[in-house]
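Across the two complexes that follow, subunit A remains constant while its partner is subunit B and subsequently subunit C.
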Partner chain A sequence: MLQVLLSGLTVGTIYGLVAMAFAIVFYVTKVINFATGQLLMVSILLVSGLVKLGLPDWLGIVTGLVAATVLGVATYFIAVRPVLRFDRFSFAWLVSTLGVAIVIQATFALIYGPASQPFPRGLHAIPVRLGPATLTVQEIVTLAVGLLAIVGWHLVRRYTLLGKLGKAISTDPEIASTVGANVTAFAVGAFAIGGFLAGLAGILVGPITYGNPYLGDTYGIFGFIALMIGGIQRPAAAMGGGLVLGVLSIAANTYIGAQASDWFPFVLVLLVLLLTPNGVFASGDQLRRLFRTRRAYQQGVNA
Partner chain B sequence: MKRIIPGAVALAAATALALTGCAGDGGGGGEGGEIVVGGIAGTTGAYGAVGVAVINGTQMAVDEINAAGGIDGRQIKFVWDDDAADATKSSQLFQQFVSEGAVAILGSPDTGPTTAALGDQMQIPVLGAVDDGGLTVYPNGPDEPPFAWTFSTSLNTFAWGAKIADWAIANCPGGLAMLHDPTTYGLGGLAGFQMSLDAAGKDFVYVESITENWGSGATVNLDAEIQKIVDSGADCVEVWLTPGDEAAFMQEIASLGLDDLVVLGNDVTNADATFVDLAGPEGDGMISALLTSDVYPNERLQEWQQKYRDLFDGLEPGPFAELSYDAVYILKQVIEDADGATDPESIRAGLNALTDFDGLTGSLSFTEQIHTTINKEQLTMVQWSFDSKKWEPIE
Partner chain C sequence: MSATTQTDALVVEGLSGGYDRFDVVHDIAFRVGCGEAVALLGPNGAGKTTVLRAIMGLLRHRRGRIEIDGTDVVAAPPHRIARGLAAMVPEGRRLFVGQSVEDNLRLGGIRLRGDRARTEELLAGVFELFPVIERYRDREATALSGGEQQMVAIGRMMMADPALMLLDEPSLGLAPLAIADLSAALRRLREQDRSILLVEQRVDIALEVCDRIYVLSGGRIVDEGRASDMGAEGRALIDAYLG
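Up next, the complex of A and B:
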């Protein structure tokens, strides 16, 4: 049971980081960057390639994170800003960010070939026993990074001027810009943070899944499911969605069967969308409201 | 190498039939006396290296034959495309090549169930790397008739399963567990194991099917499965999964300190370098089977392998390139034996009568009932040695 919980939280943190990457971009710009999964892939493959060339692991990791961040920003300037300048309410970014994803994937497939590349095992080779369960140091670091991401986001958003400006831009960019907020700078920052988080998720999952040009699709989809479960409006809620998805997927795998991990996430997201369309952790606590409404209805019937 | 579920195959086949209206005049031959041969293989995607090997091996044979004057004076026109391991794409390509006059289709190593089914429906010979033999060629099991128009020179999941099971029966007293892919690739391996286990009156202590990411290469989470295997008490586990998942499995059990668990592979574990590259030192000790002709390559094969490296910028040859090369020469011999006839029925009859063809992968034969060239007697058990960087024979 403890092993299921810990393994689920570890996997869920990876999904959650990708979901946060989606959510932070959406929070500021109201755009979903469909190249987010590919940014995860970029960081993994760059680390694989640079370490293979003889560079130290740490330098490969730093380069991978920087590259994912820069590509995130580049996505904004290439695929988002031009279409939003043309029409602020356009949905053309749906196609343009998807186009960026395909180009990144094809470019890396051309450079690296289709075969998976080894990734340095690093801390994943060191097991830690926690009673009946075993985690690796890498997995413990993953959990710590997830916690740090939630706490960090909360502190920045709540207690810094930057966070408050971001909140204002998220609520109404036009009014925010009239009081001096640089909306473009915040959008760039959001895409940079999104790229960084996706790259970070790649570094953390790399020792388990290795590097492959086509990885972005898988993690992009699971990150998006986590986003839908947690709620798209709040980045910290997206991380919560990842954790729920991770734990329940591993539990389904263990207690229902290995095939359950294929269909269970989709059943879960369907249930969430039916019961709380804005996500489990969305503001307003819709689940509580749902039960309160039923109770009130029942009381009315009884009266 | 199967990645297609039966439902998808049926749908793809039905779609192709609907589109073609049961096309296929079967005359074949192409323009200007050329003999058109179609090739389908997944050269992109996470396991595209296999498709590349298939196309390279085929092209090498075609170029050699054409340079030597062709088949009865007719040049071979090899037309191929990437199916991206997609059944729908594969069925479209099949139909396209047949409409271009292809006398036979080579492949696909990724969508074999689709090409095999279409071969029967459109009555066109399908040859070479047709998935990994096994259930792709014998859809109703090893004791039932094969697809009448499919002739696989590919690695054969029945053969690998039976061979590795024989070894496990003798060396795993504590019990045998198995994780397998749910497609015809994994089910073919399971059927091979079951044949040997049934004959010995044994059974698995634990079996589980796991869906994998053949397209993206993402590994599946194996923590829960490893725990179940440990709980089952098995001392050996057959991991009939992708090379990436096999490597992840080896690394996970190393992290967990499960040093005594013996891990068995499958026909693609050593078909290329994917597994050993990914697993690193933790891959040491993996046991599988390999074509005896690859374990002890003769002079002819060694020369061929060197030529392959020279032609393809140092790319390492593997069994998929070798068996695809063999398939083209088999087709050449069959057409020559039929005095140059390239109609589908003549080719099929010739393939059914092929006996002791001297190929790179051994002495190859087909009969009406046997449509796979590789059997377990052609295999040798091997173990990966990280120190020597070789699959060392263990029998």
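Up next, the complex of A and C:
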């Protein structure tokens, strides 16, 4: 039971980091970067390739993270900015970011081939016993990174003027620009953070998945499902959605059948979208609103 | 009247512009002197908001010359113009949703974020002009009444300490009492020698607050004059335009 929970939270943190990458980009630009999953794959395969060439692990990891970040920013300049400059309300980024995803995936498939590439085991080789459950050091680091991502995001958004400016851009970019916000710089920053988080998720999950060019599809889709479960409006909730998805998927694997996590997330997201369309963590607001209207109605009746 | 002097807060010459290559305003020319309050009057659809948006850098298609405090900004993006040249009270206030009154004000002054003392001084100035909103500083700004929200919007503009203040229909949608407060506040700003460009539909407020007025119709300036010269005849003319 504890093992299911801990393993679920670890996997969920990976989904959550990808979901946060989606959500932070969306928060600032109202664009979904469909190449996010591919950025995770890029960091994994670069580490695999560079380590195979004889580079030290840490150099491979740094290169992987930098590449994912740079590719995230490049996606903005290649696939998003031109489209939005042409028409601010265009939805053409749906196709153009997907195009970037396909190009990245095809390029890496061409270079690496479809076979699985080894990934340095690193911290994943060290197990830690926690009562009846076992985690590896890598998994514990993963959980810590997830926690750090949520807390860091919350602190910046809530307590720094820069975070508040980001929130202002999120709600009204035009007026934010009239108080001095460089909206383009914020968009670039969002795509950079998104790329970095996706790359980080790749480094953390690499020892488990190994590298192959089609990982981006899997993690892109699961990250997107986590985003739908948590709610797209708040990046911290997206991480929460990842955790819920992770725990329930591992539980489904354990209690329903070994392949249940292949289909279970889709059932889960359907249920979530049916019951609370704005995500699990927005439902509190909806409940409160419901009670408020009822109370207001009753006060009206009593008056 | 046409001379460009160093002391002008705003000089606009030959300004044309609009949306998607479809011009809304044509060959506009006017000026706001330093410490002067000028009103832009005109009927709905005359292009008043478009002129204001062009000055603030929000209008992508604009040509001609727009000089704020001696700097040509016709090609500058809004976040550059916001660095001390101009600040705006937009039509409909547009406070930052989900943020407190104080955060809205501090965001208005974000260009001065390195200068703590100046920011606190400006904040004190806003609260001195609008004591009401100091009591609500921790409340969510958009939960305030219309009049109070307008005070926050004006305060947000004041926090930037700009060379030129732009106000787009601040009286719109306010209760009569709130409008009285508003015009008192605008007069106070005027007394502090701020350079102000006010777009209004309410001629009485414009004449009360401003030194000079321009009348805009069909995207062109059709009349101008001193507010003090506006007798009953002038008012009737303006009213006819505002129809």
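Here, the second predicted complex is superposed on the first by the 284 of 303 C-alpha atoms of A that agree within 3 Å, B and C clash if a C-alpha of one lies under 4 Å from a C-alpha of the other, contacts with A are read in each partner's own complex, and residues count from 1 in each chain.
Everything below uses one rule, namely that a residue touches a chain if its C-beta (ideal position, glycine included) is under 8 Å from a C-beta of that chain, and two chains touch if they have at least 3 such contacts.
Predicted model, so just to flag it, every value in this text is computed and none were measured.
Engineer: Putting subunit B and subunit C onto subunit A via the overlay, clash or fit?
Structural biologist: On the shared subunit A, the partners fit.
Engineer: Given the touch rule stated above, what does A:140 touch, subunit B (first), subunit C (second), both, or neither?
Structural biologist: neither
Engineer: With the two structures laid over each other on chain A, which partner does A:172 touch: subunit B (first), subunit C (second), both, or neither?
Structural biologist: So A:172 only meets subunit C here.
Engineer: For A:74, select first, second, both or neither according to whether it touches subunit B, subunit C, the two together, or no partner.
Structural biologist: A:74 sits against neither subunit B nor subunit C.
Engineer: Does subunit A have more residues touched by subunit B or by subunit C?
Structural biologist: B
Engineer: Once chain A of both complexes is superposed, is A:161 in touch with subunit B (first), subunit C (second), both, or neither?
Structural biologist: second
Engineer: Just subunit B (first), just subunit C (second), both, or neither: which does A:181 touch?
Structural biologist: second
Engineer: Looking at the overlay, does A:118 come into contact with subunit B only (first), subunit C only (second), both, or neither?
Structural biologist: Only subunit B is touched by A:118; subunit C is not.
Engineer: Quick one: classify A:218 as touching subunit B (first), subunit C (second), both or neither.
Structural biologist: Touch status of A:218: first partner only.
Engineer: Using only C-alpha atoms, work out how near subunit B sits to subunit C after the chain A superposition, in angstrom.
Structural biologist: Between subunit B and subunit C, the minimum C-alpha distance equals 41 Å.
Engineer: Quick one: in the complex, what on subunit C touches subunit A?
Structural biologist: 56-58, 77-79, 81-83, 87-88, 90, 94, 96-99, 103, 106-108, 110-111, 113, 156, 160
Engineer: Taking the touch rule as given, give the residues of subunit A at its contact with subunit C in the complex, in rising order.
Structural biologist: Against subunit C, subunit A makes touches at 161, 164-165, 167-168, 171-172, 174-183.
Engineer: Which subunit A residues qualify as touching subunit B in the complex?
Structural biologist: 3-4, 7, 11, 109, 113-118, 121, 124-127, 134, 136, 207-210, 212, 214-219, 249-250, 253-254, 257-259, 261-262
Engineer: Using the touch definition up top, name the residues of subunit B that touch subunit A in the complex.
Structural biologist: Interface residues on subunit B, with respect to subunit A: 43-49, 52, 179, 182, 208-211, 213, 215-221, 223-225, 227-228, 243-244, 247-248, 251, 254-257, 272, 274, 277-278, 280.
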